[in-house]
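One chain, chain A, links the two complexes that follow: it is found with chain B in the first and with chain C in the second.
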Partner chain A sequence: METFDLEAQGLRNLNAALQSQTKETNQTAWEIVNAKGSHAIAVGLDAPIEVTVRGSTGYYCGGMNKQATIHVKGSAGPGVAENMMSGTVIIDGDASQYAGATANGGTLVIKGNASSRCGISMKGVDIIVHGNVGHMSAFMGQSGNLVVCGDAGDALGDSLYEARLFVRGKVKSLGADCIEKEMRPEHLEILKDLLERGESDAKPEEFKRYGSARKLYNFDIDNAY
Partner chain B sequence: MCGIVGLFLKDKSLEPKLGQMLSDMLITMTDRGPDSAGIAIYGSETRGKVKLTVQSDTPDRDFAGLDKDIQKALGGDVTMRVKDTHAVIEVDTAWAAAARTVLAELRPNVRIMSTGETLEIYKEVGLPKNVASRFDISSMSGSHGIGHTRMATESAVTTMGAHPFNTGRDQCLVHNGSLSNHASLRRKLRKAGIHIETENDTEVGAAYLTWKMQQGATLGQALESSLDDLDGFFTFVVGTKDGFGVVRDPIACKPAVMAETDQYVAFGSEYRALVNLPGIDYARVWEPEPSTVYFWSHNSAPTATEKAA
Partner chain C sequence: MKDESKGAPRTVPIQSATFSNPTNAEIRRAAATGIYDIRGGGSKRKLPHFDDLLFLGASISRYPLEGYREKCDTKVVLGTRFAKKPIELDIPVTIAGMSFGALSGPAKEALGRGASMAGTSTTTGDGGMTEEERGHSSKLVYQVLPSRYGMNPDDLRRCDAIEVVVGQGAKPGGGGMLLGQKISDRVAEMRNLPKGIDQRSACRHPDWTGPDDLEIKIMELREITAWEKPIYVKIGGTRPYFDTMLAIKAGADVVVLDGMQGGTAATQDVFIEHVGQPIIACIGEAVRALQDMDLHREVQLIVSGGIRGGADVAKALAMGADAVAIGTAAMIALGDNDPRWEPEYNALGTTAGAYDDWHEGRDPAGITTQDPELMKRFDPIAGGRHLNNFLKVMTLEAQTIARACGHNHLHNLEPEDLVSLTMEAAAMTKIPLAGTNWYPGKPGTTY
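Up next, the complex of A and B:
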């Protein structure tokens, strides 16, 4: 275990050290102490290493992640795991707005609540939120899965393309072109796997599925102002 | 961007440290906006007196003998403390309005930063650390306060464009965001007789709240109606004599984090601003919901709709 004191050693040194790890590295376990809400912690990683962050993080923790597992033992600021490509990001506390925005792949687990715009423009990431998500979550989502074990805020899945949304609790309102869809056996299978990966003991049968009605795919004069 | 902070103390033993804690919080937010900075402190009160915090770009000339000149014009006891470009003038409460008129005649270049029984506002162009040290904010005690560090978007970088804005006696406002309908609202408010000094969007927001409260709305009601009438992005933190409130627009893209313990309620644009507060690791930390008015008060029965000050 390599322990890195962010306050003493600085952010650039931290990210340079983490980004220089290769697939063959022997330093596979890293611990970051004194995070103190700093921005851009552990961004742009590209090696199968495990990074544990003690404390809460600021903007863009785990952004652009590939392969690495980043575990925040606190809450995360805006844009956590933004544009992640692969790997896993786990937040023990809450996540601020636009968690997992534009992420192409990987798994983002939020054990508390996520704020507004969770999974905005998601492009293949799997996001599992143990608590609630705020308004405009999965806005313009294109691919991937968003699992919400609690409630969803206003305008869930607005202008959705093809991402799957699973919500166990109440949905305050659905966004434009987002509808409830039938939960078929194959969806229960997908959801079972997602919940396992997200370390949630919720039952797939308790969820409803939402997705795109695909009515915004083509221009419709009645939608024009 | 802009960075905003607020600190409301429940534990009286922390009051001597208010200025220190609040300046540290604001300095942490410096990279959210380095143009200008300001802090409002709710401190001590002299019974029967009201404080005018005033500013001058030429303090040596403008503040020389100013207390005596006001006293000559008004009568009664007038005291003055000068702090760098600012001065706090205390007059009898009954003469608060008259003092403003007299001041405009005696020293036309002096600008009024705030009026209040406990409120003092200090703001200038420059980095938070410089502004805080010019006015020795860290030595100030008080029950609560709010602060702002500005990245200007809607108007010039000037002292008068800096936050907090005084919205009424003992009331003030800081803002992170930008209002897009400030020009039309400014025209409307000026027609209604509200004084608006600058081309700044936040001043219009502050004037709007003043106008609403002049019409009989409580601060809570004025904040509620701001959600309908203000177009644009805003996270507001407002200070009153008894407490402070927070409201975010429905989109809520401007960040906000709050923390509460038995000792305090704190607000920061980012969690970074809160990390050095005592007991933060055990505080309840959360993001205020959009379109929701929050309020904390030293009154025994705090409510979002209390008639402030």
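Up next, the complex of A and C:
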């Protein structure tokens, strides 16, 4: 285990060290201490390493991650795992706005609540939130899965493309073109796998599925507000 | 009874300037269809522009340089503020961002070829980076746009500079739409969306909302790319003083400022013609912001929106810009709107020079299309050669003017080399009206 004191050694040195790891590295386990809400911790990684962050993080922790597993033992600021390509990011606490924004792949697990716009413009990532999500979550979600074990705020899935949304609790309101859809056996299988990967003990049968009505797919003046 | 009025002069029919034929035609079109007009390009109306400025040239008080022999440097370095690897261009004319999707792959390749031959940069667009343009562009600027279509860290690391796009001159405050007819398998795959559906590009970024957030976003991009790449921030010409200042505060190495004559692939005509400001009204304000922050020339300014030739380049630089970007002019150099395709433009209900329905994907010149048959008409090698020629001519023209004004570098052009031809231009640019030492609003003067 490599231990890195962020306060003493600085962000640039941290990211340079993590970004220089290759898939053959022996330094596969890293611990970051004194994170103290710093921004851009462990961004742009591209190696199968495990990074544990002790404490909470600021903006964009794990941004554009590839391959790495990043575990935040605290809460995460805005844009955690933004544009992630692959790998896993786990947040033990809550996540602020835009969690998993535009992420193309990988898995984002939030064990607390996520704020507004969770999964905005998601492009293939799987996001599992143990608690609630705020308003406008999965706005313009293109693909991937958003699992919400708690409740969802206003305008869930507004202007949704092909992302799948699973919510166990209440949905305050659905956004434009987002509708409830039939939960078929294949969706229960997908959800079972997502919940296992997200370390949630919720039962797939307790969820409802939401998706795009696909009425906004081609411009129609009658759909303009 | 004799008809007295027979053969007498009559009132000639007078068309209304307010309800002109084009205006009436648009009313009839809207009434028939119930939908607003969508088109490409920039503002088509007559606006105050670089034509409203003139150079004075040398005189007894200014010493000219010999037109062909004496050196007049054209190099520009961009990104000197924070980037470890600033980019050096041979000429101060760059190619503006235009997306793969809006343009064909061969057209993007041609832009890369032409720009590289001329020693300058080209820019990606909404839709990500293609191998054609990376492979053929010696210096490639990678745009970070609200949609983040095709955005990935590998391309971020293999670009030469990063441009965070906040707005563009044709539609400041607006997003974009690539209509389904241009969404081929390849375009759809790059954007991670189903084939054939309209693809909305959001009007604001998904993971930051204001200048304080933007500062952190730029820091993240720098951390991902080891602080090597110059970071540009592109803004539309709306509030150039404050937006330039905020972009600089957020950490920009370069500010890109786009006026309302700048083109877009597609948006509403009402947006193009009625939102934003002409570029000459914006440059002075952006330069004032740079000067007020004591960062003029340390943070570079690239301006765009209706740049058509070397005179426009020289005027923009004299007003304080470090470089310009061209989009529409580059497309015309490639062959867009060429009269050789006139019968086909006619078949589309338009004429060469006026064709702007690029979003429909039926471009006779094969440039703004994803149709395999139309794309075959466009030769990227010839297109690149033509663009290089055009860039060369622009540079020679700008050098000619700079030498006549006594400057041995294009960057030595200054506002004192210019006069305004109109009151409007003088008021907008604070460059004195020709024959006077006055402009409207000059401190200590009245009119």
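Just so it is clear, the second predicted complex is superposed on the first by the 224 of 225 C-alpha atoms of A that agree within 3 Å, B and C clash if a C-alpha of one lies under 4 Å from a C-alpha of the other, contacts with A are read in each partner's own complex, and residues count from 1 in each chain.
Keep this in mind: a residue touches a chain if its C-beta (ideal position, glycine included) is under 8 Å from a C-beta of that chain, and two chains touch if they have at least 3 such contacts.
Because the structure is a prediction, the values reported are computed rather than measured.
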| item | value |
| --- | --- |
| Partner chain in contact with A:L156 - chain B first, chain C second, else both or neither | neither |
| First, second, both or neither for A:G58, with chain B first and chain C second | both |
| Partner chain in contact with A:T102 - chain B first, chain C second, else both or neither | second |
| Which superposed partner A:K36 touches (first chain B, second chain C, both, neither) | first |
| Partner chain in contact with A:P78 - chain B first, chain C second, else both or neither | both |
| First, second, both or neither for A:V133, with chain B first and chain C second | neither |
| First, second, both or neither for A:S116, with chain B first and chain C second | first |
| Comparison of chain B and chain C by chain A residues contacted | C |
| Residues on chain A lying within both footprints (that of chain B and that of chain C) | 58-59, 78, 97 |
| Complex interface listing, chain B residues touching chain A | 252-253, 255, 257, 270-275, 285-287, 290 |
| For the chain A and chain C complex, residues of the former touching the latter | 11-12, 15-16, 19, 39-40, 43-44, 46, 58-60, 63-64, 66, 78-79, 82-83, 85, 97-98, 101-102, 104, 117, 120-121, 123-124, 139-140, 142-143, 159, 161-162, 217-219, 221 |
| Contacting residues of chain A [partner chain B, same complex] | 36-38, 56, 58-59, 75, 77-78, 93-94, 96-97, 115-116, 134-135 |
| Touching residues (chain side chain C, partner chain A) in the complex | 34-36, 147-148, 151-153, 156-157, 177, 179-180, 191-194, 197-198, 200, 202, 206-208, 213, 216-217, 219-220, 223-227 |
